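Starting off with a structure, shown below.
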Amino acid sequence: MPNYELIQQDGLETSLLEVSMGPHHPSTHGVFRMDVKLDGETVVDLKPVFGYLHRNHEKLAEAMSYLASMPFTDRLDYFNSMTNNWAYALAAEQLIEIEIPERAEYLRVIMSELTRLVNHVSLVGFFVNDLGALGTPLLYAFREREKILDLFEQASGARMMCNYFRFGGLRCDVPEGWLDRTREVVDRFPKFLDEYEKLLCENEIILSRTQGVGNLSKELAINAGITGPMLRASGVNYDIRKVDNYGIYDRFKFRVPYSKGKVGDCYDRFMVRMLEMRESIEILKQALDGIEAGPIMGNAGKVFKPAKAEAYGRVEAPKGELGFYLVADGTTQPYRYRVRPPSFINLTVLQDMCIGQQVADAVIILGSIDIVLGEVDR
Amino acid sequence: MNWELIGDILLATVPLLVIFPSMFALTTWVERKALARIQNRIGPNKVGVPLTPYGGNLSLFGLGQPAADGIKMLFKENIVPTGADRLFHLLAPILSLIPAMLVLCFLPLEFPWLNGEQNSVKAFMLDGAVIFFFAITGLNTLAVFMAGWASRNKYSLLGGMRAIAQMVSYEIPLVLSAVVVVMIVGSLNAAEIAEAQAGWNWYVFQPWGLAAFVIFFIAALAETNRSPFDLPEAESEIIAGYFTEYSGFKFALFFLGEYIAMFAISGLAVTLFLGAGGGPGVEALPWLKVIWFLAKVCILIGVMIWLRGTLPRLRVDQLMGFAWKFLLPLSILNIFIAGFAWHAKKANEGTAVSVIVWVAALIILYAAAKGLDHVNRAKVKPRTYQYGE
Amino acid sequence: MSLLGGGIFKGMAVTLRNFVGSYFDKERLTTKEYAWRTDDKLPERAGDYPKEEAEQLSDTTTVTHYSRNFPMLLHDEGEPMDTVRCVACQICERECPPQCIYIEKSKDKMERGGNKAQFYPATFDIDVSVCMSCQICVEVCPFDAIVMNSQFELSTPDRFGGLLLRRDDLLKSNDYYHKIHPEEAAARDKRIADEKAAKEAKKKAAEEAKKKAAEAKAKAEAEAKAKEEAESAEKPAEAPAPTHTDAKKEDNGE
Amino acid sequence: MSEAIPHESVLQRFPEVEWDEEFGTLIVPATKATEVAIWLRDDDSFRLDYCSNVTGIDYLDREFKEKVKNEEGKTETIIHKDPARMEVVYHLYSMEKRTGPLVMKQRTTREKPEAQSLTPVWRSCELQEREIYDLFGINFTGHPDQRRILMWDEFVGHPMRKDYVEPFDYEWEPTPHDEILEKHQKGKVIF
């Protein structure tokens, strides 16, 4: 509790109100808990507590073959199974010599950007829900999300737990007509975004609720390893798609929106996500134009058995940098398997952002960080 | 015993006790349905006439939903937390319902079966009806805090505290905006206010009346804990606020109380600004007055639902700031403007002058509101972003 | 200068448009009205269907032909157990990430579909309370014997027994597979047919080669004989022995 | 991919630091870690301002058998020894220069695992080092708030260690063929 003193008076006994927000609280996005100390409604101290969903995913993965962990990566950030798959495939592909076919690379980009749309659109919905909007934006978002999930289902058989990527390519090709359907969805998306922006971006209540709340300075954001939209909202131009150019991202023309100021607040985080969706649509359009027929699986062997090596693969997941660190010891099982979950590390600064704000702000700050407990607790 | 009087009272009050609770039941359905449509859902659509197996063709757009909800509420377990104050925990929901029900009597509802001699009990022609209204609705605050405190739950307590602060603050702009009408009419009697607006002479068509109506409506939203001022029960922050620990029938009572309060305050708004029962055809068919009155109330309720489906919630300090720094100065200014406009109109008979007064008053009020808004939210505005390659 | 409360009015216009639109524009609707069964009958308890009815209902209990949920065992036309493709090789059991498959190999071998006699699964259980629908068993199966079902009405009052799908529950015909996943099934059948054709062609080629070799051998022998006869040499002709390298499957190293 | 960072200057400046050719990582002795980290963060040629991933690895005493063909064409089995140790791995990037990663490791013994906390250098280590402490049992000196993070406070042991044996009262989800189910039927396990 840094530098805080209660007002004490004779004959008046005052103390802080300790509230345990969570693990079942409507807006902690899962089984997350904040131990909050309140002076009135002002947050004086906040300690994040989690681990309720901990299943030691890393330990499980170390006891099974490389491929068998792939479906488990879906369950990390269950909103974005495609990017999780990609990050894991990227790390594993560094362990062996493998060439990924052109079509698979294109499909990976398409899936990943669709995932980004799904995540951002529903995150904005959840965020406004945390602001108290009774779910209207959320349900609009879910309607659009549903269309994209339908596409995922058609491609991979499952809506959320896609398990679609394989080392060296993809599990199966997309069905006939899938690309046309995707183009239809992508072409319609900007119209929806216009409506969404009209509903939210100028609303005075949202503006006054989010601006100046949950300030995160550029220096702290970099030092605390914040990644993704949250980092860019603090004014850092850093996008792994641009920096690493993994996959075939160097072929696409897109821009990375980031804040003009040196301090990011909840409004910046919300707006950066809104703007990023437009860029994702640009990438999707280019990818849908560029994709050609061809094989979707590389020359990977039937058994994945890399030599002794270490690899760290990272992608720009919708929530930030998702990395997989693999240590291979020459067997079919990874010796060490580690997930670098973006929402877990983005929580580092929760306390710094919340202190001095109100309870209602703590909730939206948490919402603007964009956590998924499957990933935080692993 | 004056049996006739008792009969008259019953004739006047029983309809109130029938109409409004049944309107409550209907409103819950309308609200769910409307919110669903706003959110592009369908809403309740299966519960229809009971005892037809699986709804069948008698689902009637889910009109049976309120009845089903009511039955469910009745049979749910009544849970009182350990360590809660059982007496006050029980009293709170009852106390929140009573004042809301009580003030319904002062609405100028002219039922067709009440005329002539019986008209004397028409809505309890109390001379201080408006004052009495505010006095009684103020009791609601007590019930809410009682619930918050008796639940022995930190969220409830926070909700109760919020409710007190909010209701006390918004009482002031509420009363001040009502004062304008009282001032112009020169009476606190609801029936007289209604009469003064007969024949499209509604106060909402006056610039000061419009401003007062808007202020009154916003304050009424806050008074009845409706979105965007539903802070005492903010589900994303403090679970359900003061009724976190309520279940079953007690919860239903709170729910009922809240909706009846909504009707009551909308009824007052209709009385003060929207010409009470006035509307087309009332001269020929006086019983239409009741219909018009209830229709207007329903429209206001509809707007409340619409707002609830659109807006997020304010923060506590912003909520208070809005009341004290925006609504209060504006409503005080409005009193002066109303006075000036009334005198100007009275001194000069003529359309030109009244149009000038009308427009000038509106411009002054809008400019004042704009200025206050600018002062209060100087730093808050949309931003632009840069792009990196 | 913007309108006072302009953002709020804009938002309200959007919600109003959505409110009205939801009545006219079906595209806008987030949810769809749940259709009752044509015969207006709800299942009393999902586990309570008689077997025939369950088979019949399975058409209506699949969601879309893209979706997958739990695995099923394929059999070709004929009696399920006579034509089951599974040979109880237990690869899926080993590879299953949540370890939800349990197989017991049969003691005897059985001949199926003209192939040589193979083992068959004496027990094949999938615990769908553990299964996570990842489809890895489908991928690793070398016999195309296991594919994904898409039946979704699986609720049962029995936690241990009811969610354990036994071999006989899992057996589904290839026709059923075609019904629920037409595209996928067609592609799979085509691949199997291609593989079979390729195998056949290879076999044929091998046979022909053998034949040729035999002919060549005969010819050579004849020639040699002729030569022998002609030259009366004592040299027997040598036929080239086919080099048969058995590529051993790489051990998993577990 | 962003370019790899040359590491030679680190070795020159800190003679204690080793370079692991096999994996391409810097091995920093636990006593020097903070010093090296601060230098890596602040030196103009590195500017590694962003510590992405922090994790532990537990190596048991292991022997690797490798089959190598010698000149005569015979296969020989060479036995590599992998000593027991614990490592804390840091993946460092530079946001300013957009370079990375440079992998840095702190090595420590298994018996008394102890490492220097780099949380004062990079805040991003805070939760991750707590996680390592929780799951591997590596003690970070200088960590501001070293508590268990994913497991509950009363938990005994460190589950990510390779020799961790889960206790019998572990909450099993009984499956119909599990040994647990058999025990359940015999009435030995209480769910």
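Think of it as A, B, C and D in the order they're written, each chain with its own count starting at 1.
Following the convention adopted for this analysis, a residue touches a chain if its C-beta (ideal position, glycine included) is under 8 Å from a C-beta of that chain, and two chains touch if they have at least 3 such contacts.
Values in this document were obtained by computation on a predicted structure and should not be read as measured data.
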item: Chain occupying the middle, per Cα centroid; value: A
item: Chain pair whose interface holds the most contacting C-beta pairs; value: A-B
item: Interchain centroid distance [CA atoms averaged], subunit A/subunit D, Å; value: 24
item: Between subunit D and subunit C, distance of the C-alpha-averaged centres to the nearest whole Å; value: 41
item: Centroid distance [mean C-alpha coordinates] between subunit D and subunit B, Å; value: 62
item: Touching two or more other chains - residue numbers and ranges from subunit A; value: 136, 139-140, 143, 199, 201-207, 330
item: Where subunit D touches two or more other chains, by residue; value: none
item: Per-residue multi-chain contacts in subunit B, two or more chains; value: 38-41, 309-311
item: Subunit C partner contacts - residues on subunit B that touch it in the complex; value: 34, 37-42, 45, 54, 56, 306-307, 309-311, 366, 369-370, 373
item: Residues of subunit A touching subunit D in the complex; value: 50-51, 54, 56, 58-59, 220, 222-227, 236, 238, 243-246, 308-310, 312, 314, 321, 323, 325, 327, 329-330, 335-336, 338, 340, 344-345, 347-349, 377-378
item: Subunit A-touching residues of subunit C, taken from the complex the two chains share; value: 5-8, 10-11, 13-15, 18, 28-30, 64, 66-68, 95-97, 132-136, 139, 148, 183, 250, 252-254
item: Residue numbers on subunit A that touch subunit C, as the complex places them; value: 64-65, 67-72, 74-75, 136, 139-140, 142-143, 146, 153-154, 157-159, 161, 163, 171, 175-176, 195, 198-207, 303, 305, 330-333
item: Of subunit B, residues touching subunit A in the complex; value: 35, 38-41, 154-155, 158, 162, 227-228, 230, 234-239, 308-318, 377, 379-389
